[in-house]
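What follows is a single structure, and I will ask about it in a moment.
Each chain gets a letter, A, B, C and D, in the order it is written, and its residues are counted from 1.
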Amino acid sequence: MRIVDASNIVVKTAAQAIEQLVMANRIIANEGVVDALGHISLRNPENPNTFFITRGALAPIEVTKDDILEVDLEGKVVTKPAQRTVGEIFIHSEILKTRPEMTAVFHGHQPGIIPFTVADVPMRPLLNTAGFIYQGVPVFDDYTPGSGFLINTKESGERVAKHLGQHRVLLLRSHGCIIAAETMPKVVACAIFLGINATIQWQALLVGKEPNYLSPEEAKTGAEVALLKDGTMSRYWGYWTAKVKYAMPDMK
Amino acid sequence: MRIVDASNIVVKTAAQAIEQLVMANRIIANEGVVDALGHISLRNPENPNTFFITRGALAPIEVTKDDILEVDLEGKVVTKPAQRTVGEIFIHSEILKTRPEMTAVFHGHQPGIIPFTVADVPMRPLLNTAGFIYQGVPVFDDYTPGSGFLINTKESGERVAKHLGQHRVLLLRSHGCIIAAETMPKVVACAIFLGINATIQWQALLVGKEPNYLSPEEAKTGAEVALLKDGTMSRYWGYWTAKVKYAMPDMK
Amino acid sequence: MRIVDASNIVVKTAAQAIEQLVMANRIIANEGVVDALGHISLRNPENPNTFFITRGALAPIEVTKDDILEVDLEGKVVTKPAQRTVGEIFIHSEILKTRPEMTAVFHGHQPGIIPFTVADVPMRPLLNTAGFIYQGVPVFDDYTPGSGFLINTKESGERVAKHLGQHRVLLLRSHGCIIAAETMPKVVACAIFLGINATIQWQALLVGKEPNYLSPEEAKTGAEVALLKDGTMSRYWGYWTAKVKYAMPDMK
Amino acid sequence: MRIVDASNIVVKTAAQAIEQLVMANRIIANEGVVDALGHISLRNPENPNTFFITRGALAPIEVTKDDILEVDLEGKVVTKPAQRTVGEIFIHSEILKTRPEMTAVFHGHQPGIIPFTVADVPMRPLLNTAGFIYQGVPVFDDYTPGSGFLINTKESGERVAKHLGQHRVLLLRSHGCIIAAETMPKVVACAIFLGINATIQWQALLVGKEPNYLSPEEAKTGAEVALLKDGTMSRYWGYWTAKVKYAMPDMK
């Protein structure tokens, strides 16, 4: 019998982190929460002051082990300094700096969430697995003028980290979202369920009655019990990995 | 000429039931009515007091023959007692106990059905193949506090069985649905058409006029004649299986 | 250079008709206009009083050459009389009888068209390639009581043929549609664009303003010039075939 | 380490242009912005008075190197004059004539954009990557009577070029769109994000409040910084190419 246990989601060494980050890149592409843009990072389990992320100019669907760089909390590439990482690196470095309990940061542009960034409609949970937004979801609109809605300076990185605060999710007006989580599977799960809840909530709003939202308590417990437990995360990681292997023969 | 007849849906031995359950797991994953969570069970044709279901911590897309456990109507694993099955096992054990005419139980979280669990809009049939909801669809909201909307105790399993009553389908607020049927192909068909009818009904409601629902009599006959007959079920099972074989090379 | 010309859509012999019908079955499955049910027929070019269609109990995605039967205009299997064809054979036999200019008949249940069968909203063209509905689209609701919305008797077949009249498309309340066309590529094209136009029209209606429909003259010309010409049909047939070959390795 | 740099988007020779155009045809098919119809052209980098486009009667999904023709700015095939190109060639020839700064022209029929061509709802940007429509999007309805909404004469080609003016995008009533850009990756990106923005905007409109559109300045900068830069275009080209290679084994 094939063994599937929580070991597939635990990373204890830098090598394991790099391997998990490669698969995470393929997963977020395959699940449609990023296209060519969007990126995901994972703190180095051997050094909390650095993290791994891909080099720039590369879509998540193409990432392999050789494309992973180690970056410090000032956004500087440390082990292959001749290489450049993604332009919005400060999203990752600033959040990993200000949220020591988190190890993984996601930034993407799922189309289904964009209406909530441009309409006066707060995102609220309708699904137990989306309960991780129980504190509400702030919308960031404090961009640097002329930045094209990108977070490509240290200062704007600091601002998104501040706006994120103690939340898991920050929406970015006319752009996308940022998510932080304790582990890589958790950040991927939140990216996917944020989009699912967005679709459900928007649809529910169209019949003109207020839907029956989860209370903050229901939502918090819902996310903890129904999604973010180790066993559930391991099961999701196996599911996403199986789909990647079917879709991308080079990952078999 | 390849023979396609009702034999592909009849299970008479435990071995056939296990084989059908493996394919059913792949089908529900491939048809998108479950993701990593969700599960499906089949009564043992050699012993009505036990049923087959996968071990825990495993997504339906990954299930193989070795992952199937035999469980009794108290939710206890019987043949490989060292192994754990799914946390919501009591959904299956309690419904198979209280509904002796049913052999298959499905639990999933199709996104399209969620709005009906959180809005004051009763689900009603608009399609002949969805007529199996002719009695209406109750919405369960009697969760154990702190359970995260999960049905993970014997008591909550008893409650969902009671709320299901003599229906085929029970919606679960902010969570998903439970479906019971006489055979495995029927439970899969109901899972798929529940989602299709949900999408159609929600869409129909948005133009602001009451759509022309099926009467209870039309609906009951519609489901019986257009969907749940052996010949039709055999045809669907062949269709779903063909798609699994194209999508998952290990099932060829 | 690979030659692609109108020869791929012309059928002059029974053997060519059977080959085209097999590919048509795979195409309608792959394009999502049928699931396990739904069927498509093609008049025998060597005998206008018979046509080809699959045997019963088989989904279009599984059809091979050996599954094709020859049926007469009374709905009787002629060359392999021991075999049964689809239960709704009278849709095909009656329409091919009353519409001598047509050679192909499609019956399917595209979800996007169902709202138009249950709401008081007439389907109208918004796209040049959907202009073939320029005469309007009648909705059939004259089912035999207890038939489950199926057309499984000669009498109900006669009724749908009568309701279709000189139209190309007939909607069936809470069930699906029937389409007739001069050639196989045309009937497939109409099945696909009926669904696309349905989605666009429903969406357009939701903003609460009357959209700018095609006039009957614009629509008629639009369909003739932009879709139903031989060159365009050949191009679509090549496109659908290429997609089938990518998706179904046994068709390579 | 595999090298991914801007070299994959630069074409300096006719041979490179032909190779890029073949991949572009596969990409637009794979990304769903064309079906069997729709076409895309690229100016000859060795001769600004000719451009490359496929021969007629061929869907983009099927295009190979041998299917590419060289055409002049009067719409005449120059190097293989015995062959015919697409019927709507004058879209390409007239726009490449009147917009010397552009090298690539796209024409397609993405379903999501059609509502904007038939409803009195101007398309406006809600996403930074769709900011290229910052000048607004005109809707063309000056078709030649009896043309079936096609642009198949030199005169109608001149009219669409005139209506396009200095915009990037022109919508065509009940038909589709035309897009011009400086490079092939840019025109493909605009085709894809036009559809994404259309879906988001339509959805945003349905809650009955005016969404927070990008200002023209925000939109212009958004497109320039977040989408149309060389590095970003290179990343998208790699992404689209990777997906084509997974989906179409003959392109590996």
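Keep this in mind: a contact is a pair of C-beta atoms (placed from the backbone, for glycine too) under 8 Å apart; a residue touches a chain by one contact, two chains touch by 3 or more.
Remember, it's a predicted structure, so these values are computed and weren't measured experimentally.
*Asks:* Farthest chain from subunit C, going by mean C-alpha coordinates, please.
*Replies:* Of all chains, A has its centre farthest from that of subunit C.
*Asks:* Can you report the angle of the rotation that maps subunit A onto subunit D, using C-alpha atoms only, to the nearest 5 degrees?
*Replies:* 90
*Asks:* What is the distance, in whole Å, between the centres of subunit B and subunit C, each centre taken as the mean of its C-alpha atoms?
*Replies:* It comes to 31 Å between the two C-alpha centres.
*Asks:* Please report how many Å separate the Cα centroid of subunit B from that of subunit D, as a whole number.
*Replies:* For subunit B versus subunit D, the centre distance works out to 45 Å.
*Asks:* At least two partner chains per residue is the criterion; list those residues in subunit B.
*Replies:* 206 - these are the residues of subunit B that touch more than one other chain.
*Asks:* Considering only which chains touch which, how would you classify the arrangement: line, ring, star, complete or other?
*Replies:* Chain contacts: single closed ring, each chain with exactly two partners.
*Asks:* For the complex, which residues does subunit A have touching subunit B?
*Replies:* 1-2, 4-5, 125-129, 131, 196, 199-200, 203-204, 206-207, 209, 211-214, 218, 221-226, 231-232, 234-236, 238-240, 242-243, 246
*Asks:* What residues on subunit B touch subunit A, complex-wise?
*Replies:* 29, 35-37, 56-59, 61-62, 64, 66-67, 87, 109, 111, 114-115, 118-121, 146-150, 173-175, 202, 205-206, 247-249
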